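To start, I am sharing the structure in question, which I have written as structure tokens.
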């Protein structure tokens, strides 16, 4: 029996329920949200704690930015660890370091903010509200570094709460409840879903969609992945998004992961996509023993910006062996794309150079040893290998602006993931097909490679 | 779609699954559990992390006590916070205290043991295994205080994981799957369930049983409560446990909470019973608007031991106004009960004195301001009031030895819980019916009360 | 465990499954559908029976009208009861009438067609296919009375299969799977649902939608009803369909049944709506004790055609006391509506006459003692009473053409349904509010009423 | 949403519900059950129809045998087809035979008893009550042939209601709700389940249990089958029932169907077992591709009685070539078994003769062309083949008395079921292994075979 939420119970118990309780608890306007937080921490009677938590959440949701910022600052200030105890614990540790002193110090350093958040989470609406709260907090963070401790506290809790072991994988299809499906439409980040008919196509017999859910976020997906089941590798997104596919049940040979979207920006930094892809690989293998290859069809979001930086830097132009004419054409193309102009011929002309540059970009350009491109970083860190660089994979305005329309296939081979991952992390070596390597190392590519 | 667990998936994927992986990962005998913990923390490829976590768990489960103790000690030692960083953070805080320094200090003081535990929890068997691990740890703790930091780490995680907001209330009845019901038989702590027929009686139409479950412990109840729906207050346990009750559907007037059992000793210190009773009160109110009174029928586990201490102390004998003869009879009775002898007449003779003493014990005897008796402490802290002290409530050997067979009713009145709780915590005042107060304050009860 | 259907199993068992079986059974083109029906009846091995049933169903679905007609005729002819046995049974009954002879006669008269249909139904796709088959049969029936026996056989089976006791009431809301919701959009017969956004509005918090389902038609609704929960009675459909309603949870006082749609035309004559409304009344009463009134907002589909017949008949013109001018105006209005012209002023001018005529039409015009209007017949037979006749209830082209835009409220009062129903069936008396009665009996309404 | 049953709704709606309704409907004692049946048929208002149906069912359940017999007789008499119409229809058919006249005759011959039963079934308790009603009817039938028409009517309805297409296959395991499991204990007909611990063993990892359920009988299994998953063929029941089996997950090679039990004696003649075995074969094949053989371990319930008839008939003694001494030993053994005496040596002495006779009995003795033994008839008609005759398969008193302890394996080979079935039905040929054939045709077996 799934039991009704507290609030619904209250409602059903009649008008006497929530309102009476709120009145009895004296939750009047004269008390600020931060006052209520103090009260929450002091309380032990949980039924009323839930009512107060609900009240704090409603008030926070109604705050404008100034008010929210002030509330965040108050949280940081009012719920610090006790400075006296912390001082003693720190001194004691310095005097006699050791596991017990460290443990005591950790306890003393634990900010009561975490208790506030933990108590807020006991409301049925609590965890979703805290995820939204962090979303707002993140927006302030860059300009308000003094809020960093608050983010540490939330991350600390989120890492426990959104533990891999608590996530539930669910298949999403046309039998899925509508209120979940509408969230897919809202959250799809890679290839926009254009309404219910488009969605239905994406959930047809020859597709699979899986999402992670969390018990405290009920029917809110955390991350979802869309897969097309095909005979051959797809290199062009239109083949997947637009085409009607046969609904004959031919056992598929290839699984194409063509979209993976994080849904909760308040969970930034808590990573799920990695687990999701790997578990879905197992699920598909189980349902379709006929699948031989699993690969992605992915954007290269940081490529064009990098090309711009190359074009602006004579050294790099030399490194990549770009002729003057080539530089001129690429610069012209970049300008046309910026202006949303049709430039099919120019684009075609730049094809060899861009393909070569893209392969090189993905293989050689790094940020802290990992690939510079965010999507490459994700998949290659997962242990996938760079399999193919596809010209004209997606000619939408958005992809033209990201990567001149280039899409990439990353290959997931179950028995090489571990090794690929280790090689990248330990030796900085990226797993790639010989075709891509050859492409990247073509004449003039990078003299000093 | 609830998806199959990783291990099952592996199994289905054929012999090639788990074993091959284990071999590929080189999980040989030459590596100790603690070696594997180091490896686990170093890894990023989660699929293999799960396999290693599983391996560590199996090894731990196979350890004898000496091995387990050694493993615990190694965990404490090997996964301490980095002492250099912690030293710096402590010094920095002492130099410039403030929220940011405190937050940095908290981060530095966080023991990597928590990461070990968090990574172990990603195995589908992880959370249950950690609960069992703490159960073993608790057994060592008294004699091995050096393991305390480990317990702090586990408690810290458990408080996040077993957050009230993540618990699911489920009704347990005869429609409940057998593998859950058999756990009720195993865990019932208050009034033993004697097999499936007895269980069935406890789940009849005029009863309710509710339990809290947690998503990561699947079908393992955390705590459950048993309620009898009656017309009148019950004062004798046999009326609830033994009697066949009418299965006519007469709207009940009274809900008797006659048993509440914690199921997971590894979760000691993470409290659920309080929430459970309060949520069940709401559920019952919702299902049966006819219910007028909700009360418990509870043991008094610490009463006889206290009586023994009174009988052994002339001052207390005087305080409680016990005549020499009375002391002799009580002492004799105590001895008979100790020897498991029938002593019905003697018991009946001591009735007035024991009832009076019991009321006084519950109302006046304290431990750190709260009631000395563990069950009284639980219910009175929840905000219940002491309603009735019942002679011959349960004449089983166990209850005779605990409380001379006395049982007690605690009354839960929804709109007084808050106030009763506050009064107890702030003013040390226990809410009780006038009958019980009068009983406790009877002539000679306590001169100086 | 819901187990996969036979066909899916076959599919999963690999290519070897269904096709091999079909080949082994020799289901070649040279065998006609009717041949296969003969074979089906002769068979006992059920696994192959299901394959043959599937084959017959696919063939039928591929037939054009001529082929279907021929197939129906063959079914009638080929699967008659054995004429010799039937003759003997008939003669025996005539010679010695009595329960046993009658029972034997009934057995002898049972057409083997029913066996054919029953065997077809063992295919997972069988029952839905038979419902579609009857839909096609009904289309032929008027011109091909020789197919009547086939319809009798199907109705006989359907009455058993779609027994009230087998229907499952389910609530439909925004949590309902999308593949069911899309059927609501398709089947809504009363007020068209304009896409998913409109649907979502219809399933908001202040609405309820319920449907009957049948285990053999899985996720195909048989009939569904839409209810708006309001404070006051609605008299204008726009108030329900278009307006955004408050989503505050104010306990509703009124339940407005504003649409009831049958979904399966192949089940014509098997009535569900009656049960549905009554069960939904109970469900709503249970969820919202605050509801005081339950009534419909219904079209009057046969009103304008009746007005036309009045205008064309001098006797009726006299009976209803219509002045020459009135007749002219009504005739003009009727013409404008026929031509889809705006005629707001003319419509308003005719208001008093049309309201009066409509009340009279509903109260006095009968077909076989029951109300002539189909919707009135349905609700009044259910025991509802005629509560209000509403001007401009729905000014859409469709309703203008049906009833000059008039809508009607029928009132469902739980404790009068029985009595109202009996009075209508036994005495021909229609339950109506005094306002409607007065309106109908106004001066000149019907001299001889 | 599964909605609460009518009766529960009534109950929840308060005391005012069912009782008030019963009173308003005037369901007093002065009306007999048969009066109420008349009223039920006359009614159209369904809500009250359900109340009356409930009342009839309660009254029937309270009847003693004399009252039930009288009620059955009244049903036969009072609800005959209208004799006048039936006479006319019969005469018309005799005059002008043809499909339409036959169809009209079938309609006229349909007894209103079926309407009574159909209306009774609309009560939520209706279908289960009718199954129990037929159970009682069957007990009367032998001595009261005049009730035969009633049984025809019920069978007619049951064949429609318990259509293969409406049955739901569910796996039964230790996760199954207790109220269903307790029915398995009650219904197991082949090898008694001795309480919950025994049941748990039967539902262990290396077992499978499946049952058919019907939507109108909710959680009442219709028939269930128990399967052991093993490496090798089992020939002795103790190997399956008593032994603890390895719970290591070794992919099984053999599926042993060791028990199949019908649960509802009121559904006698409506066969499910056939479908069940075949669907379970598919399910197991799907879950365990490793399974190579599927066979039963079955009793031979009619063997010893047949041996007795042989021993009593000099012709048969000669036919089966039994020496005088052999006859004497067999007769002595038969007597010892009858008297429940230990006779291990004598049994062993008779082994060759009994094995030979058993093979011959199963292969050659027929009833209407099908095997004389009931269990052989079932499995061989399903298309299984007789694979092995096992000495000392089950030495319980029950099996010794049935078959001198012999058990038999029937082999289910998916691609021979059809052919085996056809050969048996068309040519009377039983499929058997060469070992069994050789055994049966041994010297002296049957001269004229």
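Order of writing sets the labels: A, B, C and D. Residues in every chain begin at 1.
Please note the rule applied: contacts are C-beta pairs under 8 Å (C-beta built on N, C-alpha and C of every residue); 3 or more make two chains touch, one makes a residue touch a chain.
All values derive from a computational prediction rather than experimental measurement.
Participant: Tell me the fewest steps from chain A to chain D, where a step is a jump to a chain it touches.
Facilitator: Minimal hop count between chain A and chain D: 2.
Participant: Show which chains lie in contact with chain A and also with chain C.
Facilitator: Where chain A and chain C might share a partner, there is none at all.
Participant: Taking each chain's centre as the mean of its Cα atoms, which chain lies farthest from chain B?
Facilitator: C
Participant: Return the distance between the CA-based centres of chain C and chain D, expressed in whole Å.
Facilitator: Result: the chain centres lie 39 Å from each other.
Participant: Need the CA-centroid distance for the pair chain B / chain C, whole Å please.
Facilitator: 58
Participant: So what's the Cα centroid distance for chain B and chain D, whole Å?
Facilitator: 49
Participant: Two-or-more-chain contact residues of chain B, please, as numbers and ranges.
Facilitator: Nothing qualifies.
Participant: What pairs of chains are touching here?
Facilitator: Those chain pairs which touch are A-B, A-C, B-D, C-D.
Participant: Please output the residues of chain C touching chain D within their complex, sorted ascending.
Facilitator: Interface residues on the chain C side: 1-4, 6, 9, 12-13, 24-25, 44-48, 76-77, 80-81, 83, 86-87, 90-91, 93-94, 97, 99-100, 102-103, 105-107, 109-111, 118, 121-124, 126-127, 146, 148-149, 152-153, 157, 159-161, 163-166, 168-171, 215-216, 274-275, 278-279, 282-283, 285-286, 381, 383, 415, 417-418, 421-422, 425.
Participant: Could you please specify the touching residues of chain A with respect to chain C in the complex?
Facilitator: Of all residues in chain A, those touching chain C are 11, 174-179, 181, 195-196, 200, 219, 249.
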